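Working notes for the structure below.
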Amino acid sequence: MHSLIQLSIVVLLLPLLSFVILIFFNRRLPRRGDFVGVGILGTAFAISAYIFWTVIVQTYDPAFRVAWDFTWIDLGKVPGIGHLQIKMGIVIDNLTAIMLAMVTLISLLVHLYSTGYMAGDKNYGRYFAFLGIFTFSMLGIVLSDNLFSIYIFWELVGLSSYLLIGFFFEKDSAADAQKKAFLANRVGDIGMWLGILILYSQFHTFSFEQIYANLAAGKFAMSNAWLTAAGLLLFMGCVGKSAQFPLHIWLPDAMEGPTPVSALIHAATMVAAGVYFVARIFVLLTPDALHVIAFIGAFTAFMAATIAITQNDIKRVLAYSTVSQLGYMVLGLGVGAYSAALFHLVTHAFFKACLFLGSGAIIHAMHHEQDMRWMGGLRRHMPWTFATFTLATLALAGLPLTSGFMSKDAILAGAIGFANVEGGGIYYLIPVLGFFSAMLTAFYMGRQIWLVFFGESRTHLKPADNHHHGLDAHSAHDDHHDDHEVHEVSWNMRAPLVILAVLSVFIVYSPNPLDGAEGWFMKMIKTPATVVGPANHNCTALHAETPSPLMAEAFPAVETHGATDAHAVTGGEHAAATGEHAFADPRQAEIAHAAHAAHFPAIYISSIMVVFGISLAGIVFVFRIIDPDKTAEAIRPLYLFSLNKWYWDEIYQSTFIKGSVLLSKILSWFDTNVIDGIVNGVAVLVRNLAFANNSFDKYVVDGLVNFTAFSVNTTGAVLRKLQTGKVQTYVALLLVVLFGYFVFYFTRLIY
Amino acid sequence: MQHLIPIGLNHYLTISAFLLAFGLFAVMTRKNAIVVLMGVELILNAANINFLAFSKYNGGIGGVMFSLFVIVIAAAEAAIALAIVINIFKIFKSVDISSVDTMKE
Amino acid sequence: MLSLIVFLPILAGLVILAVPSSQKQIIRIVSLLAALAQGVLAVLIWRAYDPSLPGITASPGGSPLGSFQFVEKLPWISLKLGGFGSLNIEYFLGVDGISVTMVILTALISAIGVLSSWTIQKQVKGYFILYNLLASAMMGCFVALDFFLFYVFWELMLLPMYFLIGIWGGPNREYAAIKFFLYTLFGSVFMLLVMIGLYFSVIDPVTGNHTFSLVAMANQANYIKSAILGPDNVMWRFIAFAVLFVGFAIKVPMFPFHTWLPDAHVEAPTPISVILAGVLLKLGTYGMMRINFPLFPEVFHASMYVIGIFGAINIIYGAFCALAQQDLKKMVAYSSISHMGYVLLGLAAGNSEGMVGALYQMFNHGTITAMLFLLVGVIYDRAHTRQIDKFGGLSSYMPVYAAIVTVAWFASLGLPGLSGFISEAFVFVGAFSSVTTRYIAMVSVLGIVFGAAYLLWSLQRMFLGKRKPDAAYDLEVGADGHEHIHFHDWKGKIDLDARELTMLVPLVVITIFLGIYPMPILGMITTSVNRLVEVLTPLAIR
Amino acid sequence: MSNLTYTLIFYIFAAITVFSAAFVVFSRNVIYSAFALLFTFFGVAALYVFLSADFIAVTQVVVYVGGILVLLLFGVMFTKSIMNTELKSDVLHIIPGTLILAGILSALLYTFYTTHTWKPSEIELHGSIVERIGYETMSHYVLPFEMVSILLLAALIGAAFLARFDKSDNKNL
């Protein structure tokens, strides 16, 4: 076993250990055991950092990959298949190493932050336990080398999300939100599960490596539509977990959880798992599937951004912004900007975590006030928070010199390239929606900054009846609640903000603030060669309509590669290690070229859009040149449409949820009345038959019986005389019979 | 007369038939329970004679053994029967079994 | 060994017979000891079981007993029936991978059932005698390899169950008991007919006589070609399969023969519900795997699609019905129906993955549903109601109970890391891999969502939020300033007491352990299931 | 012993047996019946000797004469006072009884004398068989033997129990 594997197993199991210790012993430990959680995560992060250092910094090889597996379930010699084993395993490549470090770092920071934010909660210890199981599951997703274990950890992540969203379970809204989140995720999961089943039914393995090897070798026996379906169904898992349209509805509601949880789970890691998963299965996505993915991503990005501009709850704005940014990543993957999407995943994780933790600090300082309309002027009271929040906001909006700029720009460039390659038309909708969303992002983030930190405090404007206090920690504080006592938060909440803000600066990722491709990240994460499409001769038909001169060159080379070498997947990466892009799939190569060409246009357009967005927000909300309320009134239908989140919740409520409940009632009625009715009806029928039978019995059969009884009675009256009760009479009778027998016997003997 | 001279199986059987018939008659007709018991003993003796006779003329020992057991069981039967008779006497103040007819109704 | 494990409870029942009925504690302890001894024997069997032997039927050229283990075979009844020839019934016990898991499950659930019966106060002696009789009969069913013997045990099970529901049940117990009785009797009458038909169609290769041995019956070479259920008689074989299937399906219970189950569960006392859901339902699917399918493989192969559809209906229909229930126990009962649908679906797949999943699901459903019913019993003991609406916010007041409920509920909805997931996953893997049931599997997957829906909804209504105004309990502020819960006329501990924990914790541990590392059970069953799949696959395809 | 003497002695004993048995049955006096029974038993015992079953004969004398008869006499004396004139035993069904007696006797005798299919074996029992009885009892017949002994024991205890002289009964007397 490679030493990195050993280390990664330790990293994986450490949070589980934290969970086990805290769930059972938190009440017996001092400080309810929060130091256990923080300490264990610190250790895990240290080890992850070492892994990161070894893999990324020391090895610096895009094709780096170590793997290890063990037999988990042995099904023996299965008829028709042969020896069937289900293996679990760990794979470490560059992406894993980066994700590992990112997840443990954010988790560590959130643990640390929570020691301040959650202090005094009655279930304080359990909170850290839940964070532990979440981190464990998330690391499991990151490290898995097969679909089955990813699915397992996927659901476990859903569970921990369920537990953490409903952490304040006494609030009905929290209980509703946790259920909604779990169910929405489940809907996504069944799609993912079906996708897994399609692949398994063909290859009888769950392992990525073997599935890809088999696909590359053209062993997929079903039609290509099934392969596209498999890709899309697997993508459904991502739709659920990464809150893509149409399953995005759970994420904003999930803000009912404690704010650090929102930072960890619903901004940085869990929702990114969907994107991570799509990246893992990227190579088996057919072009058709990728198109669908790209459109869903673009639509999600746009829709969420439009909703975010009208929300008043500070966390909800961030939640919709998360949905929107996740849409970007999915869009990126869909258009083939693989490394850009993952780059955005990482950068977004840091600055969005920073934003959420910052908003947590604000909420904490404002005594659980979440409505931005009643905030304002906080920059003077909370300078650290203000600084870090602003930096992260700029990164999210995508201003140059930030990490977000580089990653978003790379995605948009990819989108333009993609549209160019696909031949325009409707495909230009994708980059257009992307740029428009970028502008909206800048606008609503600008609005948030202006509303929260600038101007004067508007606490007093809040209508008295609108007071709503969460069941968050410190409800005792509300008694001596003073509006002017807004303080900067303590060090253990401030430190994470600073660290995350620093990680939002361009220099961490790339020396060139305008081009992420020059940084270590983009160099280490290369688009893997697809195993479907032209590389797979079964699938050539798919690409008959998009012939390319490059295809002819690439095709034979890869075919031999794929057929003989199980590592066909990494074939392209080996080539890439030499310094040049060498895409196995010509289409990918084309898009990469086009994206490269579109790099500078993208920069210009997006910068303009962002600056325009932020300025517009300033014009509207600070200088009030345009009155926001009047504008809203002027476009009221649109405003309401956005404020009510495009009415998705209502639509789902009235169709799926009401429909299900109604159907359940109908079926239950059917069960008790029809099916049981039939059963009881049969019983009644049988009973009536029995009654009919009974009357027959009474008059016909009973008549006979009575007659018999009568004759027996008469005979009995005669015979009764013989019943003297004297033994000897009986003996005499017995002997008479014996004698009779003798006589009978002898007469027979004689004649 | 040639029937009578060499003593054969039939002689014994005849005797046993007489004993059986007398025994049955006693059982059937006598009112005194003790005499009824005597009749039973006669029947048992008749059976024993048959056992031994067949045993002798068949060369087997089974009949002998069986008669031995019959004697033992007869002894047991006599003891129990007499005990019952004494009980009947206690209850009905009589050993007249024709008065013991509570089974009638 | 097997005789001992089968008849131990009856022995305990005899001992109880001699104990005066006032000595309730002794009666309970005797039962518990018997159950524990049974458990020890089950563990011994588990340890001594050789997982490399397949069982199911005699392999060509192998021992006529097949590779069954712990075999006990004695002539039992041999009747000369004049013109009908002779009736040879054997006392034939043995286990293979399919039954050994069920033996372990039965021993486990029996022991837990005894513990759960501790609260029974009415006619304790009679109760435990019947209970032990039931335990013996269940165990006997799983180890019997002679069809007649199986049938005897099967019928023997019916009677104590009838009385246990009919005497110790809830307000509507007579109706439920009679319904249960008639339904299952209806099934078993047909089984009897088929059994006799099979008897006259099968020849024991060793003795040349007709035989009831399931090992001989599972080998198609032993059939008389022209007999009533011989291979030539296609139509009768089809009818026999269908009739037998209905007989077992009633026990499963399969839609539309399921309506006895909710009634029986709602009326039955907690331990009987546990036994009913934990073991009895498994007998239906066990019977299919042991008798119905291997005896008529070609008919099975032709009807896989239909069985799969019924499985899917069970899954989804059960889930929807569960969603609509107000009575918690009824909801769990319908969830049982839904989960047994997975077993049917897995069996219908007809491949190793599906069958392994089905068998493993049988085991897991046994442990998980037992847990669910125990938990329902816990709250019913305290609050004397099971209406979901009468609770709310229990998490705050009964944290340990809530924690175990959460584990059980999530196990039931198939959360990875808990045993139910692996079996459901395998069922789907198998069903999807089989071309016949592929589309059925795609529809059935919806059951995962609806399963989660009704479980989470009930969890939310009972445990989350705050106390409802019309809840079945009151809140009191205790000496320590915290709010405490108070049930009317409940003197015991509010949260789980030691006895309840003793019942639940082993099940929780088993559920978690088997969810993480399923091989202790799967290792035993795979060889047998692979053999079964071989037997079931028609020669043409094989 | 000559053949004739042998025959004569047999007939004497046969006569004693049959006539005393008849006396047992037909006598009205119970005491007489009892004493006649004594002779019957002796006669039967003698016949046993003729049948080479000397051991059985001795047993017959010991058990019947020494045991059962004494018991019967006890019974007579318990239930009737000796001096009582009611020692006479009444009869019942005398006519059907006589008819049946005659019928059965004639039927049996008819059977014996008309049946020619008796097949006496070549081997007859000769001499003393005490030793064989001993062997057989302890080998072949050990189980019946034991069972009979248990039965006897049980019967004796039972008889003693049944006939015990209760104080309550005493008062009633």
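Per-chain numbering from 1; labels A, B, C and D assigned in written order.
Quick note on the criterion: contacts are C-beta pairs under 8 Å (C-beta built on N, C-alpha and C of every residue); 3 or more make two chains touch, one makes a residue touch a chain.
Owing to the predicted nature of the structure, the values given are computational and were not obtained by experimental measurement.
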item	value
Chain closest to the middle [Cα centroid of all protein chains]	C
Rounded Å distance, subunit C centre to subunit D centre (Cα mean)	69
Distance from subunit B to subunit A - Cα centre to Cα centre, in angstrom	99
Intercentroid distance (Cα basis), subunit C paired with subunit B, Å	65
Mean-CA-position distance for subunit D and subunit A (Å)	103
In subunit A, residues with contacts to at least two other chains	726, 728, 732, 735
Contacts with 2+ other chains: residues of subunit C	none
Multi-chain contact residues (two or more partners), subunit D	92-93, 96-97, 100, 104
Contacting chain pairs - touch in the sense defined above	A-B, A-C, A-D, B-D
For the subunit B and subunit D complex, residues of the former touching the latter	4-15, 17-26, 28-32, 34-35, 37-39, 41-42, 45, 48-49, 52-53, 55-61, 64-65, 67-69, 71-80, 82-87, 89-90, 95-96, 98
Subunit B contact footprint on subunit A (complex, rising order)	723-728, 731-732, 735
Of all residues in subunit A, those that touch subunit C in their complex	72-81, 84, 148, 151-156, 159, 166, 169-172, 174-176, 178-179, 182-183, 186-187, 189-190, 193-194, 197-198, 200-201, 204, 660-661, 663-665, 667-668, 671, 675-676, 678-679, 683
Residue ranges of subunit D touching subunit A (in the complex, touch as defined)	92-93, 96-97, 100, 103-104, 107, 110-111
Subunit D to subunit B touching residues, read off their complex	3-4, 6-7, 10, 14, 17-18, 21-22, 24-25, 30, 33-34, 37, 40-41, 44, 47-48, 50-53, 55-56, 59-60, 63-64, 67-68, 71-72, 74-76, 78-80, 89-94, 96-98, 100-101, 104-105, 108-109, 112-113, 118, 120-125, 129, 132-133, 136-137, 140-141, 144-145, 148-149, 151-152, 155-156, 158-163, 169, 172-173
